[in-house]
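For reference, the structures are reproduced in the following blocks.
Two complexes, one shared chain (chain A), two partners (chain B, chain C).
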Partner chain A sequence: MNLSLKRMLGLAMIAGGLSAGAAQAQTTLQFYFPVAVGGPITKIVDGMVADFEKAHPAIKVKSIYAGSYSDTLTKVLTAIKGGDVPQVSVILSTDMYTLIDEDAIVPIESLLKTDDDKKWLAGFYPGFMENSRTGGKTWGVPFQRSTIVMYWNKDAFKEAGLDPEKPPQTWAELVSMGQKLTKRDDKGNVTQWGIQIPSSGFPYWLFQALTTQNDVRLMNEAGTKTNYDDPKVVEALQFWVDLSRKLKIHPPGIVDWGTTPKDFFERKVAIMWTTTGNLTNVRANAKFPFGVAMMPANKRRGSPTGGGNFYVFKKSTPEQQAASLVFMKWMTSPEQAAKWGIATGYVAVSPAAFETEAMKAYVKDFPPAAVARDQLQYAWAELSTHENQRVTKALNDGLQAALTGAKTPAAAMKDAQAEAERILKPYR
Partner chain B sequence: MSGAAAPATTPGSAPPRAGRVPARTRGGTAHIYGWLLLLPAAVLLGAFTHFPAVATFVESFYSTAKGGRPARAVGLDNYRTMLEDPIFWKSLENNALYALGTIPASIALALLMALWVNGKIRGRGLLRLAYFTPTVLPMIAVANIWLFFYTPDYGLVDQITKLFGAGAHNWLGTRGTALVCLMFVTIWKEAGFFMIFYLAALQQIPPVLAEAAAIEGSGRWYFFRRVTFPLLMPTTLFVLVNAIINAFRMVDHVVVMTRGGPDNATMLLLFYIYEVAFKFWDTAYGATLTMVLLLILAGLALGQFLYFDRRVHYR
Partner chain C sequence: MSGAAANPLGGSGRLGLLLESAGAWLLGLIWAAPLLYAIWTAFHGAEFAARLQLAAPLTLENFVKAWDAAPFARYFLNSFILVTSILAAQLVLSTLAAFAFARFAFVGRDVMFALVLVQLMIMPDILIVENYRTMRALALPDTILGIGLPYMASAFGIFLLRQTFKGVPRELDEAARVEGCTLLGLLWKVYVPLAKPVYIAFGLVSVSFHWNNFLWPLIITNSVTTRPVTVGLSVFASTDQGIDWSIITAATLMTSGPLLIAFLLFQRQFVQSFMRAGIR
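On to the complex of A and B.
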């Protein structure tokens, strides 16, 4: 009696220990993500996370919608200062230097254990990796990546007597077609603009399309020097300014990023440049046939890449870091990347994703989905330096000054470069 | 009499002392009660207002800690940087313009609306409600509504101006109009709030004054200038203090509508502080800018109370 009681107690203790062990084995990850394009993004992300948890019962992921890209960075950096840090988060690829300078993230190589892991990291489009590497290390994993593409309204092209299947291929064509597409009423007020390139919030990104097409890089690879006052940069800005101020085929002043798709839907503008991340949004809301094309070339074709990478944070346990790797590998696996790309319009991050059945069927049914991928070979890294926000603001201010006519393009870029020099000097 | 009183005041005699001791204890406990009652408020104020202010002041003399590098004392460096920072000066200038543009207009409008809805007109309750609605709405929601108003071409403002033959105008995207557009939102938002105070004050004014003035044969404007307005001065002072504080404190609509652009044309001091501290993560420089804001606000409040207090007629 006494003995069996003891034995039972012992068994109970073992059982208790086992179940406690099982509970400990479940690793919890906090995952912050931003939303930067239209559509039910939070629902899509939560759905993917739920699928992941089903496939990996040992890992629990708390997905937290953290606002816009800059809100997410703010929340993460505040959390680091306050102590309650997420283990993994999607943040702009360009915030890499900021996160490194804050000593917040770990290089992805430090997480890799097996050959399979290494093969995975080598599987992304090189265009996306430009913004994910510095100093010989990889700091971010491409996830919601995009480039800028050109959307055009085929009806408007027809009305203007243009071939609706032939978007402008060069800057010169952009100007000549834009002139035909700009419609004025009898009082001379414009009712439809030829082309619209948004310039609120982050004009530097759209501008970088122009500079890339003009064959000039805005910064060096170490992120310590900018070339804002390069003559080719000034030339690119002059072109943008001329579109609105001289040729009058582009709306004047600062054009809002957020309302640009709406302007397009409302037929206020015939051609717009915006992220490929808006593709699904445009497909759902444009009441007319539209086309998607690579942006026109000047000296070359080109677009900056954009969008967000996964980062893994230093303040996490080895188990959490291992779980983060499993999570990122799953989220960027060909099937999931394809699913994500189809649901949003973001460019699936690896060639393998475009080889999946789902993606092949989607591209066949909706060829514009492949435009961003095809443009990737011409894409360069998005502007990113140390003190990124500040250095970028210097350029943004200069661009807006030139676009609103407060400064000439040359003067604006000279001032922006001087400001960037001042900020970046300590990093060389 | 004095003979009878003498024993009572003799030192060492029991009854008077017995009477004095409880009195002293009462005074002592009242002291403690007083402090205890003040304690919650004092702790909250100390922890969330005064300590942060002092900490900010101290931080403004240090560099920003980054990753591995801890903060170090840099003396007045941050202040020197600030004096050479064109965006800081631009934000100060904008803020001054913004204050000048919004405060007198919203106060005048508030007074006008209060006088109107104080009169005996039909639908007075509804009208009061309508004027007060902007105050109830959250600023972020309001800013988003106004964002639509200002949208070029198909926004409300452009649709109205189009009726008069004007073309599309990019209100928020042009340097000359962006700040003025923000001012309108603020005036629209603030006037209703200030109106409530004026309305309450107007109802405190005894009607006999109006009757007396009517008997004396004074006109309405004269009555307003000589009676109503002076009697409203305490309210005007209160409203003015609030308006000035708000002119430096409200930036929600900047965040939603322009983010300080185009080219810093709508950069207000508080928004710049937010950008520097929470976007650039230069917290030390943010602290320096904050000190300027604190100084401005403290100076304005002090000046108002010291100067106007003497000229305001309190009943």
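On to the complex of A and C.
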């Protein structure tokens, strides 16, 4: 990278000498991108990057696909410690504190020069900015962001004698409808579950939908304290556990995240909660009419936000940082955000993107695309603290222990809180 | 296992054998189950991924889709170059080092061998950052050589070969010398042929380890032209949009296929090598 940059600078200097400084040096950006959404995504990103380079010939972007979100974080942190840095990367919004603690990233405000820049940063949905700000500064720019939504099988609703156009609006309705939707064969084996909330990998995220609906936050804004043992948190967990263990309308034990859409396609489950990032997948593969709705409310509606932000790294040159800003502004511009949202199902990150012709036409043709956006007003920041991996794991372990019946919800959350306290104490 | 053979009650020897065979079959089936599932899923349409119907139509479509989704031909080439270059370098370096450790007396030999042994105790993953720095200083990130270089001097290979060379009878060594064999000739004509089972066993372990290695290649490479199949495969393991098992298993079978086939072909030799090379 360094070599090619030097060469380019050299060439540009020669060119500059010839044309009396008229030519600008070409700036190269390394852009790390996690492939969180399946094969074709790399082609979409490549296409967007190529369009960007066409519009900005002075900037060259080298996109580097770095596997899953956690692989990308590992790769970025190793590269930084090894003295080699990317200039821009998409990483989970929840890794903000980790990146700050590593002193790896710069606040976005430090890049802003013009009023137009400031207007751009103010243009995102506030729900997405909750996970991008701390201590009065913005550290990440929303890009592939999502919330959890509820998908339901309209055919299954009809068969159960329910109105296929009316998904459950409250937890109580979810239970009563779930009971009607759960089908058993003669031997009592379940052939179709009422509801499925996946709990493998990152159960905390799905759980946060329940806690948000129960009107309780899992952590403070500074990312230094968790509230895992709050009675309302325990209540939310009790509800989740009851769905499977007491009411028996939710598959028992740990439910796999990755195969949940598949269970939905195969009619093993009538209602599923999963990311809006799945919308395009469900639309392509569900062989029955389906609906998408906000998740039901208990004390309030709610969902955590999720997904990845752009970060700009500290060790890049001022020219590269300026170029990074240009790149991020372009990638999150209304037209590109709309294109990205339509291609993937992620929520376009700004209200302006929903005002573009392309997005308007898409929403008109396919109204579920707007559900996640409408739910955003009830959305809270995804669980994120200092030492994020370890603090989150404490909660994940507690949740899985409760779901498998190894611990009661109250005991599981008490243990999780104790573990989180131990880890977070040095940060207060 | 030897418990049954040493059973003092002679009559129950058959029962012991039966139990042993049953146990072996059970373990074998448990071991093979994921592989069998992968084969089933890869050759059937997505709708049969979780349904076992013998009459389900076979298809190669999953392989076509997986092959098209990523430049696998290039990944295979990269992996092939990677494992062969590592193995070649390991064999040469380990042989020479092991010979020196086994048959020469020189100052600091034991200290140096102790250092080699220490290297055996260290997980390579701990050294990722340091290795990255070294590769960067050599301007090797994002090259196949950069993936392989940190592994080319294998402590395990040196240790294994030194033990084997030490076991070669002195008489053979001396006879060859009397016949006027040069030092390298001695190594080549006496020691290496006698260590053949060890070479095969070591080669198998090395190739399968580096074929399957993921984290280091992921970190040190950035582009399609250098990435091995494991890193290419990780594109399919992305979970945000749900998992299509049919395509994942097809891609997995493709990437592990060469090793599986090689193992089946040379199975007898491998097993014998392991038995003969068994830890002394």
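Observations
Convention: the second predicted complex is superposed on the first by the 402 of 428 C-alpha atoms of A that agree within 3 Å, B and C clash if a C-alpha of one lies under 4 Å from a C-alpha of the other, contacts with A are read in each partner's own complex, and residues count from 1 in each chain.
Keep this in mind: contacts are C-beta pairs under 8 Å (C-beta built on N, C-alpha and C of every residue); 3 or more make two chains touch, one makes a residue touch a chain.
Quick caveat, the model's predicted, so the values are computed rather than measured.
Overlaying the two complexes via chain A brings chain B and chain C into a clash. In the superposition on chain A, A:103 contacts chain B only, with no contact to chain C. Of the two partner chains placed by superposition, only chain B is touched by A:387; chain C is not. When the shared chain is aligned, chain B comes close enough to touch A:254, but chain C does not. Contacts of A:420 after superposition on the shared chain: neither chain B nor chain C is touched.
By the document's definition of touching, of the two partners only chain B reaches A:190; chain C does not.
After overlaying the two complexes on the shared chain, residue contacts for A:149 are found with neither chain B nor chain C. In the superposition on chain A, A:74 contacts both chain B and chain C. By the touch criterion defined above, A:84 lies against chain C but remains apart from chain B after alignment on the C-alpha atoms of chain A.
Of the two partner chains placed around the shared chain by superposition, chain B and chain C are both touched by A:201. Under the contact criterion defined above, the residues of chain A that touch both chain B in one complex and chain C in the other are 74, 78, 201, 259, 266. Every residue of chain A that touches chain C in the complex is listed here, in rising order: 3, 30, 35-42, 62, 64-68, 71, 74-75, 78-79, 81-84, 146, 201, 257-262, 266, 274-275, 277-278, 280-281, 345. Partner chain A is touched in their complex by these residues of chain C: 47, 49-50, 69-70, 128-129, 132-133, 135-136, 139, 141, 215, 218-219, 222-223, 231, 234-245.
Against chain B, in their complex, chain A makes its touches with residues 70, 74, 77-78, 98, 100-104, 187-190, 199-201, 251-256, 259, 263, 266, 268, 387, 389-390, 393, 396-398, 400-401, 403-404, 406. If you check the complex, the residues on chain B that touch chain A are 66-68, 87, 151-154, 162, 165-168, 170, 172-175, 258-259, 261-265, 275, 278-282.
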